[in-house]
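Each of the next two complexes has chain A plus one more chain, namely chain B in the first and chain C in the second.
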Partner chain A sequence: MIAFLIKRLMHAILVMFVISVLAFAIQDNLGDPVQQMVGQSVPESEREAIRERLGLNDPFLVQYVRFAKNAVQGDFGYSYFYREPALEVIARHLPATLELVFAATLIIVLLSVPIGVYSAIKPRSPISRFFMGASIIGISIPVFLTAIVLIQIFSIGITVSLFPEGTAWGAWLNGLLSTEGNMPSFGRGYDLVHVVGHWDTNLVTWNGLQHLVLPAVSLASIMLPLFIRLIRAEMMEVLQSEYVKYARAKGISMRRVYFVHALKNTMLPVITVGGVQIGTMVAYTILTETVFQWPGMGLMFLDAINHADIPLIVTYLMIVGVIFVVTNTIVDLIYGFVNPTVKLTGKPA
Partner chain B sequence: MTTSTTSTAPSRWERLRDSFLWYSFKRDRTAQLCLAVFICLVIAAFSAPLLAPTDPYDLAQIDILASELPPFWIDGADEMYTLGTDAQGRDLLSIILYGTRVSLLIGFGAVALQALLGVTFGLMAGYLGGRVDAFLMRLADIQLSFSTLMVAIVVGAVVKATMGSAFYSQYAVLMLILIIGLAEWPQYARTVRASVLAEKNKEYVDAARVMGLRSRRIMFRHVLPNTLSPIFVISTVQIANAIISEAALSFLGLGMPETHPSLGSLIKAGFDYIQSGSWWITLIPGAVLVVLVLSINLLGDWLRDVMNPRLYKG
Partner chain C sequence: MTLKKTLLAAVIGATVAATAMLPMTANAETLRIGYSADPETLDLHEQLSGGVLRFSHLAFDPLVRWTKNFQFEPRLATEWEQVDDTTMRMTLREGVTFHSGNPFTAKDVVWTIERLKESPDYRAIFDPVASAEAVDDYTVEITTSEPYPLLLNLATYIFPMDSEFYTGETEDGNDKAEIIKAGNSFASRNVSGTGPFIVTDRRQGVRVDFKRFEDYWDTESEGNVSEIILTPIAENASRVAALLSGGVDFIDAVPPNDLDRVRDADGVELVEVPGTRIIGFQLNEERVEAFQDARVRQAVDLAINQEGIADRLMRGFATPAGQFSPEGYSGHNPDLVPRYDLERAQALMAEAGYEEGFSVDMIAPNNRYVNDAQLAQAVANMLARININVNLRTMPLAQYWPEYDTRQSDIAMIGWHADTEDTANFFQYLSFCIDEESGAGQYNYGSYCNEEIDALVTAADSETDLEKRNEMLREAEAMLYEDVGFVMLHWQNLAYAAAEGVDVEPVVSALDFPYLGDLVINR
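Right after this comes the complex of A and B.
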């Protein structure tokens, strides 16, 4: 176990090292900081002096070591646009993104497990077929398009006049298919409750929850089909195995066989994929937050690109790198714990 | 592969006709429909200059006064513009045809690059083993532990910031092919490596080696043809993924410029007008994108069921 842990940690450190070199190379190659600091009229000799004083003429390696030393101590430099420490800007935007990811994860877990299990138990039932069909459609719709459609339906509203308005059933059907569109479609709302530090939460007020629903549903929509299909496939495989047949033969109630015996082994691969996908969701938050103007890290990153705010871009890359590496490492460790067949000294197969 | 088809063409056709692939295709209505839809879209997109009523790249044919006209089934539509017009007064039908062409071009190009890189690296990793394998797979692991979309967004953002928007938009098609191609090669590499590992201890490989053939020849002429079926299966899914990635990048403003839009940039451009009620500018290109991707995905699903290769799980 210890050997495995150390190996994973070494791997994590190696990855972070690669990311930091890449991030630093970006910072080094993008723009001239002296030009950003001084005016047009400053002579070249003066600029050279500033460069020398800031250490910009040092070799790449010396500069990198300085950068890494500062970064480890939490100093990523100043954001050009916000004029405050870049880490501070990230810290302010992080809670919004985390709440969004949390809400989406909640939706995914609550829906994918029952649907996946049901469609594995009854693969031929019309409901399962419906969910399988819906899930491949879901995979094919990009997350930003889901978001736009949700905005059109729930916050702008649609008026259907497909059926003849004169007849009673026509008016009824039209009314049924039309939506009012009163859901908020951008921002986090006015009713945030301050928790601690930079963390204002959306989760405890009605207005806050209303603002959270559409972004969370769109973010969940991209992962939900994946998980339903994964859980279904794994569950069907497990249901074929000898121990499930044995449990059934022993006369244990089917519910217990499904939800206690089979589900446990179904969840093993789901944990690995799931952990990695939570990291992946960070990428999708960029899209979701852009559509809903959700003031999280993703929107901030996109703004930073548009402002060419290089320290902020670099800091974001480093922080996201940390998030990815940490989730991956934790997932591997959890997998090692819950699945005793994994050789802990080697790579989990 | 295709060089020697002239003499063996009839037998190949017969082989296809007798194959299980063709048999199951004949029986699967969904697969037929999807292939038909996909082929129609591809033909329509690549013959856009012939089919499109107007040329959306030609500024002289754009009438700004005719902007935001609705499609034909809504009151206030103009007969000239079947699907309405966008905010710049471009005919939506024409611009969608041209946009689909751009999306498909980038999708195919990126997958070709992915396949080239992934197949080469996968073959090398699987066949040569040892250090090459360890290095390449570690690289693939690291890259896959980030989502491919994340890699694409970051690379796109950095390239755009380094080279400036003007340069980036000028070479956007090439840039997107490179970015998406580089972001997703590990998928191929892992799949190919897994099947190479299964193939490489078979007798025909030993025979080839005993005959004294060079590694490169064994890898590409003997092992590669036997790993083709998983490559086909993931290729379909990868084309769908590449088209979605391109749309996502364009939607974020890191892809095709609005003067030369893909489906993604059309959706982005239209999204600004959705609050004013002009939903068709964004939702019609969106629907085309979904139909395109869905037909490819369903074909991929069918292929996977039929060929049932040992796909790399997880």
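Right after this comes the complex of A and C.
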């Protein structure tokens, strides 16, 4: 176990090193940060002086060694745009993103398991067919569009006048399809509760939760269909296996067979995929956060790119790399608990 | 019984008190703003940008400010007179206090001008100013090294800072007055101005909160905004949605594609104003020999249908241009209008010996100006009709300027706003013969050079008789028009939108920094 964790720690360090080298290598293609810092009529000599002060004129290796030296001591440089240490900026934006990912994960888990299981047990029922069809559509709609549509329906509101307004049924149908649209469409709201350090939470106030709903739903919309289909497929396979047939033959109640015996084995691959996908979701927040002006790491990263804020870009990429390693480690640990036959260190038992 | 009575009395008392309070509180309004960007810094002199200028007009006051018609309106300076060719005497407003409580006097103005001359972003603009001197507490004399007609234009950039507040050392031993680009200086985080609003909280890229300054000097202003919450919303669609859903009361930069939608929406009003930023193209004469021929440049200009672009591609969200200066500017010449004429363009190409045409590269940004990439594409297509085949490359802003600076392409797109709100500025940066020493022609991508025009504009810039000066600048515009030293496209309009009852029309102008201190909200 400890050997496993140490190994993963080495992984994390290696990942950070490789990412930092890559990020540094491409920094010249990210644009000129000085251009973003000065007014249009500032003469070249002033620009040169700023470049010199920021050390942007030094050769690649000199810049990298300077960065690496400081980074080892926990100093990842100074964000040009936020005028703060890059790590500090990320720490301030991290909670918002984690809350968003948490909320989206919750939605995915709460919906995908029951829907997936149901459509595996009753594959021919109209409800299952509906969910399978919907999930195909869901997988193919880009998150940006989902977000805009959600905002139009639930924040701005739509007025439907498709049916004759004069008749009772027409008015009723129109009213049914029209929406008021009072949901907040941007930001985290003004009603945050401070928890600790940089962490202000949306999760404990009504207003905060309202702000969280639309971004969380649109973030969940990418993964939800995938998980429904995955759980369904795994469950159907498990239901064909010998031990399920045996359990049935033994006369165990179907509920117990489905939810205790079959579901457990269904979840094994789901956990693996899920862990990896949570990491991916952190990346997807860039789009969701941009549309909803959600002040998390994704929005921050986009700002950093637009301002060619190199220290922040490099630090962000390294941190995301670490998040991937950490989630994968946790997944492996959980996998070990769920399925004790798996040996983490890979040595023969 | 007594308890009941006491309670009753208390309730009545509270009700009376509440009613008495009402007229005051009913007037106070919170304004929630969704701008496309927030100020990069709170230090006015760290960066000359739209975001910082907008902020300057909230927390500070300029000596004079622009009216909608490009006239000067007294703010912290109440009167001004030219003492001699190089000296202007300004009388300052009395009884003004800073947010810190310090009184505003002439020494703050002198201090601010000196700091402006230290600022990397303002140094070049304030170069004509030689010195500033406090004659007494409420009189300042500003001296220029040579006769300079645009001193009042510069005064719109002088937002007096609280010299006492910004003097001294911080706890960690830094000078409070220092200007550090993209650094953590005292002035970039702390504010004391004279303006209508005090910054109460700020998280970069997330929000800025303001509340009205109770001791604000301008008691005649009818503005009733007591609190401002500014949220930067960079994504166009999200900004519009935030307004339509009632999440914010006021947004800037409504994208052209959403203009109709915002115009038709209930409870929202759209305010369009003609802008002052010229959008155009520069032909690189160093790389393409043909562009050295005035006839080819004219052909390029004649082949571009400015009216059509403004009408269709921009959906009326631009004013077609035949010169640098928009209406209202000193050098605006009403005779110079776009002159699309394809046949003449083709004839000119033939005359210059380029009937067969040639191929060129073009670069354009894709996230800087409204519809920039599409504009470049449209122009490329139009040039194909005079057999100039354009190979267009578009790129994001962060990459565009470094690429632009190398001057390694044949045609480049640029948008320019004159910091001085004056005609001469366009020439000095965009069409002057390049002189690295003086910085002239810093953005003259095409290395266009016409010494006659340069001489005329330079002479105009030391002409203090404004009538005469305007005449000279109009002449310069006409010469550039004839010679096509710059391919004009249009001035991009500005569009704001606000919730009903938020009367933004009187406080917005072509200058793109709304005077929100005077904003009246009547819900």
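Rule of thumb we're sticking to: the second predicted complex is superposed on the first by the 278 of 349 C-alpha atoms of A that agree within 3 Å, B and C clash if a C-alpha of one lies under 4 Å from a C-alpha of the other, contacts with A are read in each partner's own complex, and residues count from 1 in each chain.
Everything below uses one rule, namely that a residue touches a chain if its C-beta (ideal position, glycine included) is under 8 Å from a C-beta of that chain, and two chains touch if they have at least 3 such contacts.
Keep in mind that this is a model prediction, so the values were computed, not measured.
Once the two complexes are laid over each other on the shared chain, residue contacts for A:Phe81 go to chain C alone; chain B is not touched. Judged by the touch definition given at the top, the superposed model places A:Val291 against both chain B and chain C. Contacts of A:Pro123 after superposition on the shared chain: neither chain B nor chain C is touched.
Contact with both chain B and chain C is seen for A:Ile305 once the two complexes are overlaid on the shared chain. Look at A:Gly170: by the touch rule set out above, it reaches neither chain B nor chain C. By the touch criterion defined above, A:Glu44 lies against chain C but remains apart from chain B after alignment on the C-alpha atoms of chain A. Legend: residue contacts after superposition of the two complexes on their common chain; A:Ala283 is shown touching chain B, with no touch to chain C. By the touch criterion defined above, A:Ile156 lies against chain B and chain C together after alignment on the C-alpha atoms of chain A. Contacts of A:Pro184 after superposition: chain C is touched, whereas chain B is not reached. Shared contact residues of chain A with chain B and chain C: 29-30, 148, 151-152, 156, 290-291, 302, 305-306, 308. Across the interface of their complex, chain A is touched by residues 34, 40-41, 47-49, 120-125, 181-184, 188, 203-207, 229, 231-235, 237-238, 241-242, 244-248, 367, 396-399, 401-402, 416-417, 419, 425, 429, 436, 439, 442-443 of chain C.
The part of chain A that touches chain B in the complex is made up of residues 15, 18, 26, 29-30, 136-137, 139-145, 148-149, 151-152, 156, 269, 272-273, 276, 279-280, 282-284, 286-287, 290-291, 301-302, 305-306, 308, 310, 313, 317, 320-321, 324-325, 328. Those residues of chain A that touch chain C in the complex are listed here as 29-33, 35-44, 46, 49-50, 53-54, 78, 80-84, 92, 148, 151-152, 155-157, 181-187, 190, 290-293, 295, 299-300, 302-303, 305-308.
Listing the residues of chain B that touch chain A in their complex gives 142, 145-147, 149-150, 153-154, 157-158, 160-162, 240, 244, 247-248, 251-254, 267, 271, 274-275, 277, 279, 282-283, 286, 289-290, 293-294, 297-298, 301, 313-314.
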